[in-house]
Amino acid sequence: MSTRSAGFPRGSEEFSRVLAFSDGLFAIAMTLLVVGIGTPMLRDGNDATELLEAYGDLHSEIISFFISFAVIGRYWVAHHQFFRNLRAMDYRLVWLNLLYLAFIAFLPFPTGVLGSYFENPISVASYGVAVAVVSGLEVVLFRHAYRAGLLVREMSEPVYRYGRGASVLPVAFMLLSVPVAFLNTIAAVVCWFLAVPIQVVLDRYRPAGAEDWF
Amino acid sequence: MSTRSAGFPRGSEEFSRVLAFSDGLFAIAMTLLVVGIGTPMLRDGNDATELLEAYGDLHSEIISFFISFAVIGRYWVAHHQFFRNLRAMDYRLVWLNLLYLAFIAFLPFPTGVLGSYFENPISVASYGVAVAVVSGLEVVLFRHAYRAGLLVREMSEPVYRYGRGASVLPVAFMLLSVPVAFLNTIAAVVCWFLAVPIQVVLDRYRPAGAEDWF
Amino acid sequence: MSTRSAGFPRGSEEFSRVLAFSDGLFAIAMTLLVVGIGTPMLRDGNDATELLEAYGDLHSEIISFFISFAVIGRYWVAHHQFFRNLRAMDYRLVWLNLLYLAFIAFLPFPTGVLGSYFENPISVASYGVAVAVVSGLEVVLFRHAYRAGLLVREMSEPVYRYGRGASVLPVAFMLLSVPVAFLNTIAAVVCWFLAVPIQVVLDRYRPAGAEDWF
Amino acid sequence: MSTRSAGFPRGSEEFSRVLAFSDGLFAIAMTLLVVGIGTPMLRDGNDATELLEAYGDLHSEIISFFISFAVIGRYWVAHHQFFRNLRAMDYRLVWLNLLYLAFIAFLPFPTGVLGSYFENPISVASYGVAVAVVSGLEVVLFRHAYRAGLLVREMSEPVYRYGRGASVLPVAFMLLSVPVAFLNTIAAVVCWFLAVPIQVVLDRYRPAGAEDWF
């Protein structure tokens, strides 16, 4: 059997590297945005009112920084929770993870546009698509890990189907928000958060053993 | 018992990841600021006097870089010392750590403003608030670790109360500096450093066993 | 025997550091480019058509980001696969790895030029040279590891020669693309991908034992 | 004995963190400079001659990137070699390491100035001072590790004095280059490299046991 196709187990230097690389990329994507805020230029440096007004002008950049940090941070926690369930990785998973990270690294762009043009349907729609792609790639990673036997222990078919469904849910609501954005941008944003209460309802029907995984 | 709620122990890949991610974020926040200095443009590239004057114009950016590095570096050491006392983490701690890191990543912005407008009460006040939030979140992290039983060994109630008090102290002085800044910015800066001598006095009254923790 | 010349084995803190440093550098080089995209400036922030047009103007920056991410990501996977085969490192390997990483860190520059001027022979040629240097340094790293006995187990001479040949192949096609670019830029880009089908043919003739390594 | 003052041994999560943080900071400082090169703006995007000329205009930025990468890379290797000799760290070493890293993170600034104004005595002198500070802090780190008993095994007094002398040598030549720069900038640059042949001569007189450390 080839060394390559055999993959590499939890505890190996190779397993740790994939996580270290992912963590570095997440940390950079989350920190870079502060550069976008920039120190305001004042006519009179000692004028408190002028600096307060300059802060007012920067409020959308500041809010955009914290929103972006929260969104990418939420995906980092999901990444942390997903890789916790793996006993090994193979190079297909490494490539899928890279594809996933490409969209994580890209996320600051649509978030920045959303921060600047919150009521523009295109900025709301493009943000919805970008987040849907990231969530969709989470499903692809999970599916591959299940099929290639990379999970730490046997996962029952109902638990797998439940987990996949729970991951597909945000993708569906994010894509639904795209046409809605052209009718009403506020309604589109409501769409993004609709997945949360439905998740709570879904949690009541989760199959036996699901609580060990998610 | 759910895998999720059980958390993950010191020595696991998951424990290391949270620290690696935090270290990456600290390192980026501390290094990014050098970009803000930028190479000066000279009319005559070989003129020593002109370059010396250009350095003079950049002195506030250079000082601001070293101040920011020192401030974030001090929090990194505190983060290093805090996580040293943990035997495990849970996902609530991971989320609180993310919230803490959001303000660490944000810190270069108020520091940059302070570096440019050192005598403006708003820049002094906003810096004081930002640092107070970071110090306040340190208290929240400590409180959760104590209550959720994540510390490496039993901590006595007096030692906990002493540690929490010592962490709240800088928050109090930072917030106190906000109204003071509108009277006198120098007095506000003095406020920031008042916590240091008081800490020294407080150290004499620390309860038995406190020296094993802080 | 000197500690220095003896190198450091897999599993040591020193072995991990070289990989952590490399991973950090790769992650930054891959994430930095998103800064280059930048939020577009709109006259009417709520105008969907205007934002759609602004996205159109940014399409080459967006494509350039994903190309650059894919190219550097492919080298990261190759780096991961190469270091997997090492039982130890010495400081000569550390220096060669630094030289290799210098060109990885440089890659965003020719990629950015290519993204902006896709039909300019100079941008196609300079990108070809930059990638040829990176691939060439992969060969140098592999050659040193083989000769200095740093591989995890004995590699047979035919397997070594096969591996070296497979690594030289992309260098040859990248350099071939340089003169071709001045005749036809599309033909030069075709050159870059010619290594792939030839690799597939070559794979059929690989010597016994090669599948354990590559 | 206090947990704090006892420090933390090689192999602990805390020991690894200091190295991971340092590696991240080095990697960022070395990669950030590529941002400074920037894609040139052409009037005719398909004009090969114009792009070639634009590359010519960027040659000092490109050279500056590689010089900076080499300089900081050389310090990273020295950092790697120094920490290899430690059996433990204490918080004084952590603080000294932070001070050292502050100047590593600052180094891109004087390097950028040097790249732009190579014949200006002030840019040559300021670069000499910055590098002298970094090398001087290396001596301080080494001195503390020796005195606080943090080395992996007993180091003889002659070996310590030899090692300290070898580290002070580049500081001396860097500081010597400062006055020389005002007479002749080329002579000042020659000064920087004078430490290399003298090091070779010094190596012949190194005391018994020195080869196990340096």
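Brief remarks on what is shown
So that you can tell them apart, the chains are marked A, B, C and D in the order they are listed, and the count of residues begins at 1 in each.
Definition applied: a contact is a pair of C-beta atoms (placed from the backbone, for glycine too) under 8 Å apart; a residue touches a chain by one contact, two chains touch by 3 or more.
Computed from a prediction, not measured in an experiment: that's the story for all the values here.
At the chain A-chain B interface, residue numbers used by both copies make up under half of all numbers present, so the two copies contact each other through mostly different positions. In this assembly, B is the chain whose CA centroid lies farthest from the centroid of chain C. Chain C and chain D have Cα centroids lying 26 Å from one another. With each centre defined as the average position of its C-alpha atoms, the distance from chain B to chain C rounds to 37 Å. Touching two or more other chains at once are residues 16, 20, 24, 28, 32, 35 of chain B. Across the complex, chain D meets chain B through its residues 2-4, 8, 13-14, 16-18, 20-21, 24-25, 28-29, 32, 35-36, 91, 94-95, 98, 101-102, 105-106, 108-109, 112-113, 115-117, 119-123, 126, 182. The touching residues of chain C, when paired with chain A in their complex, are 10-11, 15-16, 19-20, 23-24, 26-28, 30-32, 34-35, 37-40, 42, 45-48, 51-52, 55, 62, 65-66, 69-70, 73, 76-77, 80-81, 83-84, 211-214.
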